[in-house]
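Labels run A, B, C and D following the written order; every chain starts at residue 1.
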Amino acid sequence: MKKYVILFKSPDRRGIVAKITGWLFKQNLNIISMEEHVEDKSSYFFMRIVILSAFDLNENKDFIIELTKLGQTFEGQFSIKKSNKKNNCAIFVTKEQLPLYDLLIKHQTNDLNCTIKMVLSNHMLLKNVAEKFNIPYLRFPINMRNKSEIEPQIIKTLEEHKIDLIILARYMQILSPKFVKKYEQKIINIHHGFLPAFKGARPYRQAWERGVKMIGATAHYVTNELDEGPIITQDVTSINHTYSEKDMIRTGKDIERIVLTNAVQAHLDNRIILHNGRTIVFNR
Amino acid sequence: MKKYVILFKSPDRRGIVAKITGWLFKQNLNIISMEEHVEDKSSYFFMRIVILSAFDLNENKDFIIELTKLGQTFEGQFSIKKSNKKNNCAIFVTKEQLPLYDLLIKHQTNDLNCTIKMVLSNHMLLKNVAEKFNIPYLRFPINMRNKSEIEPQIIKTLEEHKIDLIILARYMQILSPKFVKKYEQKIINIHHGFLPAFKGARPYRQAWERGVKMIGATAHYVTNELDEGPIITQDVTSINHTYSEKDMIRTGKDIERIVLTNAVQAHLDNRIILHNGRTIVFNR
Amino acid sequence: MKKYVILFKSPDRRGIVAKITGWLFKQNLNIISMEEHVEDKSSYFFMRIVILSAFDLNENKDFIIELTKLGQTFEGQFSIKKSNKKNNCAIFVTKEQLPLYDLLIKHQTNDLNCTIKMVLSNHMLLKNVAEKFNIPYLRFPINMRNKSEIEPQIIKTLEEHKIDLIILARYMQILSPKFVKKYEQKIINIHHGFLPAFKGARPYRQAWERGVKMIGATAHYVTNELDEGPIITQDVTSINHTYSEKDMIRTGKDIERIVLTNAVQAHLDNRIILHNGRTIVFNR
Amino acid sequence: MKKYVILFKSPDRRGIVAKITGWLFKQNLNIISMEEHVEDKSSYFFMRIVILSAFDLNENKDFIIELTKLGQTFEGQFSIKKSNKKNNCAIFVTKEQLPLYDLLIKHQTNDLNCTIKMVLSNHMLLKNVAEKFNIPYLRFPINMRNKSEIEPQIIKTLEEHKIDLIILARYMQILSPKFVKKYEQKIINIHHGFLPAFKGARPYRQAWERGVKMIGATAHYVTNELDEGPIITQDVTSINHTYSEKDMIRTGKDIERIVLTNAVQAHLDNRIILHNGRTIVFNR
């Protein structure tokens, strides 16, 4: 039996759940897990269904056409993905080691359901980390001046490797709007601050100066407005007056890597639906 | 439209979700929320459905008969409850003020969907708290020796007031097996320790002596084995070597009341299914 | 023996600790607890000392003069307070019940080392709460237009009752700069958001719209810039996409009251030193 | 200037702080940080002092003799350690990767103030992890039967490398009483459960069966009673009914490694004093 994850969103309407589940039942599919949510404010309906099928559904044109039609009767959209099909991922880094290590370790222990195709960087600093795990390390000496020239080369590389998801693991370059548009909802960034506080550079310095008593990290999809993309996961830890900016940085690293890895896992599990700049992140 | 909560559990089987949702759809009921869970280890299926109905379902005998039949086809059990029907609650206390206050305040602000009929105690100590909120305070001078004599009087009182849920808010008497059996799955206790550690009396002293770095509280249904009932909610807070037993007690109080109130809310929302001594607590 | 708390801050310098502790020893005072902190960035030194004395120190002019001199040799400042001397507090409220309840309950159970002299409000809504605890409830119908007229009456009342600390427990009026200056470092406010995010009105609405995955609360000293005062305590709790703004409000209340009460306790215990818009909050 | 950490414990007595700080001042030492604690229950006094010295103190016999004498006047004990002197550590492992990775990564980034001399195991499984970081990996095929024969070889190896601290990073063999005695207070173990609950094997299975709503990890010094040694650090995370034992294991790993690393850091920073089976862990 093959496992599939179906995501669906539409305006809320009476009978959606019954109609969709009934239709799936008629197709001889077994629902093994299901979670839905209605957002009162927008009257929108969201659903995630995990099904078992005896046949390959993605390649079954009739099935896809019927599913699409069903969605249209509710003015909604379905997406479907084979559960064990691995996404191809590229990790973009600059100099922070911990988030990169965490992704590579969990990739290696099969705790991340993906294939990490490459680590890509504007520096050579983390080459030895990628090599420890036998992952190709590609350096593109990109900066603010040569971005329009180098970025197309990066995109070409990503396309050649059929990259499905880009993970910015403390990557210190800003992606162009064109790049972001091309990989819409396919770029996850970790910000080392509790957004929407402390946007931009040096969030821990900002946090120190404001004298906050907790510091945090935020993983989000990248949009063209810096640190404004839809939040996927967040976490914080308590600090106190004895923490210097450096202490905050060290403490924050333990949070950042987990927040990022959890966001990536949610994406790879097809547990996220985007709606109006916010995320519905289904449970597990 | 009237709102109902349906709980269901049965051995897991293909097509349950589709069949139940399809049946509800045919009865002209609108599913507004639904959450299910399959426990791999026992191959059991659990579901909570919130529906809207134009008619009173509890009084509709045919509906109840059909629903029961449907459950039986899966060797499962349904329960159904009108969402805004308020449970009658009795709070049992001895001398701790905070959990009692929390329940009474949230009852008064309509954050607890129930009717608190009485506060019942083996002492007079908290009479003034109950009176502040105009809740009857009944004292039964029960102790280990006269339990067999006094407990029937308590039960009689509970029956007269049609009590649906008993909340032990740091009640310092042990209920008899007969009492517990009579109110099976209808008694929630707060234990001021992180169960299964620190069962029994003086959990904070035990915690101090063991030198733990976190203390917690546990709300659970009461069974005949002390502090062994199914856990509903738990929480902890960090402490350190500077905490004396007294500091732990003070700090713990802030956790206890929230853990207890959250457990009571889950029960009143019909979000809990019991299975093999464990709880499935659906989200919200 | 009488217990005193001494706070001290000065530029950091070699030998401060030894000199101060040695001097106290010579005065026949027993140091029972001591905590110090050096802020690397500003090279400033902070210390809190708890001592036992056979004599009344506050009334001992010579002692105070000598202590002040000692501080001046380090270009620093001492403050000293009798540990069991209770501050007179006024709680300002509008319509939120929980933070007010929490303060009144803990005041009543002697968990807050102060005397709550009054609850003061721009509305009548919480009169019944104050009355439950026999605390005078004073209503001043202040608003944006009549502030310059009414505020002096409030100040007069506070002065008559020798108020040492003002607690804004979700008080919905902005205090004038004159008022704030008069009670500098003597006004604690609870903000129902994780500052510096979500300043101003309706922080939970802002949080919902940004789609954050955690919500929090912040207690801070009041300054003339809205929600910019030195932070004393903060806490957060995890939420998810199922939380409406209303759910956030309800969930947030459980955090707000504890964050506020903890901040007030820290102030009453003389555990806070202010420095450059940040707080040093000594342990306990 | 050289930095030293001094730990001291003794029965509590008037004037200790002043006398010790005064003595240090006379030795021309600058106190840069100081934290003390009095345990009410046992009337014991604990202190940690960080000092700067122009001279090497450890090699100064007179200084050590005088310090010891000073301690004896209070029936107490001093220990002193050069702050930047690195401990030699050995990490014992079996098959869990994450805690080992965390220690090796933070060792490599200089976030752990020690020299990891070797990874030692009863299996070959983690050889490749140690090799990634160029740390020698030693395999001793120890088991319950050959322990009395193999353990002396292990001890010999540890002695040859002058190991100061042994870190059991999910090492699946029980050390003999003789071994434990030899390295008293020098062996830190991570237990993947919230002690004192869930001692022994398979704590997550126990946790699943009890139906707890939080799981945790505990780092402690090893004594001869299994999982009964003094607790250094603990942490927990919330779970719910959807977590299988396997999910708990995966989730727990993120906690275990941080709890262990934090305990090791506290030990290496000389921040821990043991007393009656409990730890005083000074701040930072």
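Throughout what follows, contacts are C-beta pairs under 8 Å (C-beta built on N, C-alpha and C of every residue); 3 or more make two chains touch, one makes a residue touch a chain.
Remember, predicted model here, so these are calculated numbers, not experimental data.
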| item | value |
| --- | --- |
| Joint neighbours of chain D and chain C, given as chain labels | A, B |
| Remotest chain, chain C as reference, centres from CA atoms | A |
| Intercentroid distance (Cα basis), chain B paired with chain A, Å | 37 |
| Separation of mean Cα positions, chain C and chain A [Å, integer] | 41 |
| Shared-contact residues (touching 2 or more other chains) in chain D | 37, 242, 283 |
| Residues of chain C defined as touching chain D within the complex | 14-19, 21-22, 24-25, 30-38, 238, 283 |
| Contact set on chain B toward chain D in their complex | 37, 39-41, 194-198, 208-214, 216, 230-236, 240-242, 244-245, 277-281 |
| Touch list for chain C against partner chain B, complex | 97-98, 101, 105, 109, 111, 132-133, 242, 247, 250, 254, 258, 283-284 |
